[in-house]
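Look at the two complexes coming up: chain A is in both, with chain B in one and chain C in the other.
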Partner chain A sequence: MTSPRQRAIAEFILDHLVWFMLAVVLIAFSIFVPNFFQIGIFANIVEQSTFVGVMAIGLAIVIIAGHMDLSVESTAALAAMITGILFCSRGIGMGLTLTPEWLVIPVSLIISLAVGGLIGCLNGVFTIRLRMNAFIVTLASYIWVRGLVVAVSGGRSAQDLAPSLRIVGIQQLLYVPLIAWIAILCFIVFSFIMQRTPFGRHITLIGGNAVAAFRAGIKVDRLMFISFILAGAIAGLAGWLLAIRTSGATANLGTGMLFNAFAAVVIGGVSLKGGVGKLPGVYAGVLLLSSIHTAINLMGLPAHYTQVILGLLVLAAVLLDTLKLQIRQRFA
Partner chain B sequence: MSFPTLLELDDIRMNFGAIEALRGVSFKVGKGEVVALLGDNGAGKSTLVKIISGGLKASAGRMVFDGEERFFPTPAEAKAQGIETVYQDLSLCTNVDVVGNFFMGREMVKTWLGFIPVLREKEMEAVVAQALKNAGTRIPSLRTNVEHLSGGQRQAIELNRFAHWGGKLVLLDEPFAALGVEQTRRGLDLIRRIAGQGIGVIVITHIMQQAFQVADRIVVIRQGRVAGDVPTGDTSPDKVVGLITGEAVIGQAQETRPNGPIH
Partner chain C sequence: MNRLRRLLTASIALAAVAVATPAFAEDSKGKIYYLVPTLLDEFQTESVSAITRFMDDVGYEVVTLNADNKTDMQQSQMNDTILQKPSAIILAAVDFNALAPSIEKARAAGIPVMIFDRQITSTPSDLTSVAGTIEIGQVAAGEIQRLLKEKNGAVKGKVLQVLGDPSDPYTLDIQKGFEDKMKEFPDVRIISLPAMQWEASNAGTIVSDQMVANPDIDLIFLHAAHLSVAAVAALEAKGKKPGDVMMISSNGAPVGLDLIRKGWLNVEVEQPLYAQAAALAMFADKVVNKQEIKPGNYNVLGLDSVMTIENWGPNIKIPGAAITKENVDEPRFWGNLKAPADKIQPVE
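This part shows the complex of A and B:
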């Protein structure tokens, strides 16, 4: 038998494994990769983590609830494109202006959230109301929403976003641009919601055993629906941030982010079985991926290696998950 | 002993396609009465429990609960009206800790800034600790996820949960399947204690001895019908086994239910 204290320590380490991994990786890179140990580099890692990070929040919530949302990347692209078309002044941009000028920030944000929420709502209708498989439904959304992005843009791009919106992307606070702070704020808010509110508790319960939750009087379908809308709206936010960062939108904006988001979610300790995982861990997963990206860039390795390493990392994360289970059983 | 009627089932029928799981079941449960529901595998006991608790919709028949004729569309509705159910397959979320499971769907909440609902974790933990202590159940840490607990401990959580929330009627579908001798004894005590508070109890069991220990009345279901409905004091395990397998003196069953749906 192990003492409760030992057990508590083991549990703590297992629960926060990804943070330890992040620390180890950062220390290792700082020592072995030339020029890695600089404030600018760390700030860059945080900034890079913005878009995949925000997207991963919604994805993680849906996965914790026991479902799947493959559409987040395309949804973000659609929100970015619509923001671009409305508020860019060159390319296919319509150059819409509002008075006072700052009004552009809330208006474009609300539009992005609404676009994302709408896609999420459609996913919800098919999976919850019509009882279709979430994987297939959101795979379809992943395809048709991206198609819609290409269609509305005609394959062309929008450039020169309204200056008052650009400020959000340029303005820095403690070496880190505002958009990255927005991502961090999102992580804090949604971590709180998942950990401390009945909504988060119920989502976790549903992911663990939907039948038990239903018997206990929890409105399973309603909450599932909300989590899909939430994932969509958060993806919309990610798209809004992307449009600001790139000062516009292209038809292929954000391609490949889904897989990064997925990798981050899995590395962050969220189980695809549902019910297991915490959002701070997901953020650590995103930071870990960005650190590796940055280190590879600094070392001058061809970018393709990033993908190889990413794939191995995901495998390692899943392997670790099984190992964790075995260690836990030994301590239980 | 007579009990004021709490639940009355009248000619409940349930078809799954062409299969008739229940072919007209009628019996009553009184306030503070413990009814043991016995029957062979596939006799329709679990189906009946699901119909009472809102998990299934009966094909035909009437149910009167607490003076009102109605069926419950969902378990949530049944629960809101005071029907607690402990299912054969436990209704626990193993990915969440003991406290989270105990309060599943009924979390204690405080409000921040007037609109943000926040879980009252400390208060909930204290309530669970007290409830488990009263019941004599020992679980090392209430913050352990249920997946790390033994089968007996899980069942204890489930039993204590329904005992704590009470209600008007409690349905137990083979609640002692995974319990040891001592825990079963405590479980049976718990059932008597609940009934003592005026709560009606229906307990499904396979174990004759338990039924005789705890029940005021024994109802036997056979092939979707009530094959016997007798006060525990007026019968014997042998007779009940006869009713379950169908070798019974039909006369006795008819005596207690003259209008019962028995051939």
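This part shows the complex of A and C:
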């Protein structure tokens, strides 16, 4: 028999396991990896978490809702390329200028969100309206949207982003660039939406049991559709941030980020079966991955180790998820 | 009824195209397939335009197939292409060694194979046109030695080398050429890290981390110009100005030339794309007709190039140039995207 206090402690630890893992990893790296323990490195980790982190928010929402979105990486790349083409002054950039200059920030952001939202909307139409399998639909989008990136760019790159937009990537607040603060803000806002609003709670319910949610009067199709649009728009935001960070866009920008985003979502405790998961955990998962990438960079290990460690971590996360379920049953 | 009419019209149009094609084919000496490794970087994209243009000058039609950096896909493309019985195949291999059996298969079927840019020495081919990836690393090493000496009074200091994807032999060859040349300078510490999948933001992350962990880095050597864009953005975010950290990159893409003009890049080691492509066109007739290619010096778009007969066949090596602020605007550099206006003349 366990007391309610013991049970509460166990629940707390299980709910925040990924944060504990992050703390342990950071302490270990600080002790054993030369030059790791310094404010600049921690700021880098937060900054590098920006793109995968933002992308993972949309992905997590769709997965919590019981579906899948493989198109987020290509969507981000398309948003980045369109931002680059419109607002870069070199390469294939058209060097569009607006008066006053600061208008570039909201206009480019709205365009990126719209591009992402449109791809998400298409995914939603095929998946929700036409009842096609989300995995296949978004896999197709993953391929054709990347193809579109190559087509619109002709394989060439855009560089020299408008200075008023670059400021977002250069300016720092408490050693951390503004783009990273945008990612943190996104996590706070969407965590609130997912946990404290009817929309978030309904999405979680739908992911847990769509039939039960439908019988309870929740507009399942409508909310699912919105989740796809949200995932696309958030991926568009990730692309906008990526273009700002790299001061432009190349045709292969963002390649490989989908798998990192998936890893972060799984490590962060989101169940691929849907209905379970919290966004703060996802952020911890992203930070964990970035810490490992940074440590490997500093140790000068071959990059293949990152992939090995990443794979093992995902496996460990799924194992932990299974263990957590068993432990919870014991305490129940 | 309308649908039937549309279908009929489409069929007639298709038939017209089919009838018209042989007429076009009569003007052409034949089809040459160009197997490009990827279209995700500017060198490869421009190589498609250059090869298509130059081959057209000498009477060949070019069909391009993109392997998306996948060895297995390129092997399949080779198999498919062999069945089309083209006049020749131009191959820029994803993997230098893995494509050797496919080259042997094509040649056994009587289809000549020309190698573009990525030298394959493990099996014979009919013509190789390269700048030499190892040589690019060596040229970069020479420039880095010069820059370090100018800055530190001797060839000493710390160099960050940002490779491309570690599974790509192209970047490994550049690394080999560079590190072999730098061995004689033990006072130079080289930190080598790969940008996975040649993805620019990965290069930015490496530079960002290393500038914190090793703020005394003198020079950054990046294996492709598009990686240097992200590296510059990362340096800018750390408050660096052009010239604070010396930089070199390779391949001579337009982005690299722009960064030289802005003062961020000191040197760009060029792969002479136009000349490499022009050399293929100059010798295309000889390759297709299986005539002897004589060794010696040839002038390819104004560059003194050397044709040698190697174990793997005729090999023309075109010198790669070091592009600096002084010569960056010269039209001969492909990064300026001014393809030569004169028609390519076949070698007699």
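Simple rule for what comes next: the second predicted complex is superposed on the first by the 332 of 332 C-alpha atoms of A that agree within 3 Å, B and C clash if a C-alpha of one lies under 4 Å from a C-alpha of the other, contacts with A are read in each partner's own complex, and residues count from 1 in each chain.
Heads up, the rule we're going with is that a residue touches a chain if its C-beta (ideal position, glycine included) is under 8 Å from a C-beta of that chain, and two chains touch if they have at least 3 such contacts.
Since this is a predicted model, take the numbers as computed values, not measurements.
Peer 1: Looking at A:Gly208, would you say it contacts chain B, chain C, both, or neither? Reply first, second, both or neither.
Peer 2: first
Peer 1: Check whether A:Lys219 is in contact with chain B, with chain C, with both or with neither, and answer first, second, both or neither.
Peer 2: first
Peer 1: Of the two partner chains, chain B (first) and chain C (second), which one does A:Phe51 touch, if any: first, second, both, or neither?
Peer 2: So A:Phe51 only meets chain C here.
Peer 1: Name the contact category of A:Pro198: first (chain B only), second (chain C only), both, or neither.
Peer 2: Once the two structures are laid over each other on A, A:Pro198 reaches chain B alone.
Peer 1: Between chain B (first) and chain C (second), which does A:Ile292 come into contact with in this model arrangement: first, second, both, or neither?
Peer 2: Neither partner.
Peer 1: After superposition on the shared chain, which partner residues are touched by A:Cys186: those of chain B (first), chain C (second), both, or neither?
Peer 2: In the superposition, A:Cys186 contacts neither chain B nor chain C.
Peer 1: Counting residues of chain A touched by each partner, does chain B or chain C come out ahead?
Peer 2: Of the two chains, more chain A residues are contacted by C.
Peer 1: Contact-wise, after the overlay, does A:Val276 reach chain B, chain C, both or neither (first, second, both, neither)?
Peer 2: first
Peer 1: Per the definitions at the top, what is the overlap between the chain A residues touching chain B and those touching chain C?
Peer 2: In chain A, no position sits in both the chain B and chain C interfaces.
Peer 1: With touch defined as at the start, can you tell me which chain B residues reach chain A in the complex?
Peer 2: Answer in residue numbers: 55, 74-76, 79-80, 85, 87, 90-96, 100, 104-107, 109, 116-119, 140-141, 144, 148.
Peer 1: Quick one: in the complex, what on chain C touches chain A?
Peer 2: Where chain C meets chain A, its residues are 39-42, 44-45, 166, 191-194, 196-202, 204-206, 208-210, 212-214, 226, 229-230, 232-233, 236-237, 253-255, 258.
Peer 1: How about chain A: which of its residues touch chain B in the complex?
Peer 2: Checking each residue of chain A against chain B gives 4, 196-199, 201-202, 204-205, 207-209, 211-219, 275-276, 328-329, 332.
Peer 1: Residue numbers of chain A touching chain C in their complex, please.
Peer 2: Against chain C, the touching part of chain A is residues 34-36, 38, 40-41, 44, 47-48, 51, 90-91, 150, 154-157, 159-160, 166, 169-170, 177, 242, 245-248, 250-256, 293-294, 297-298, 300, 302-304, 306.
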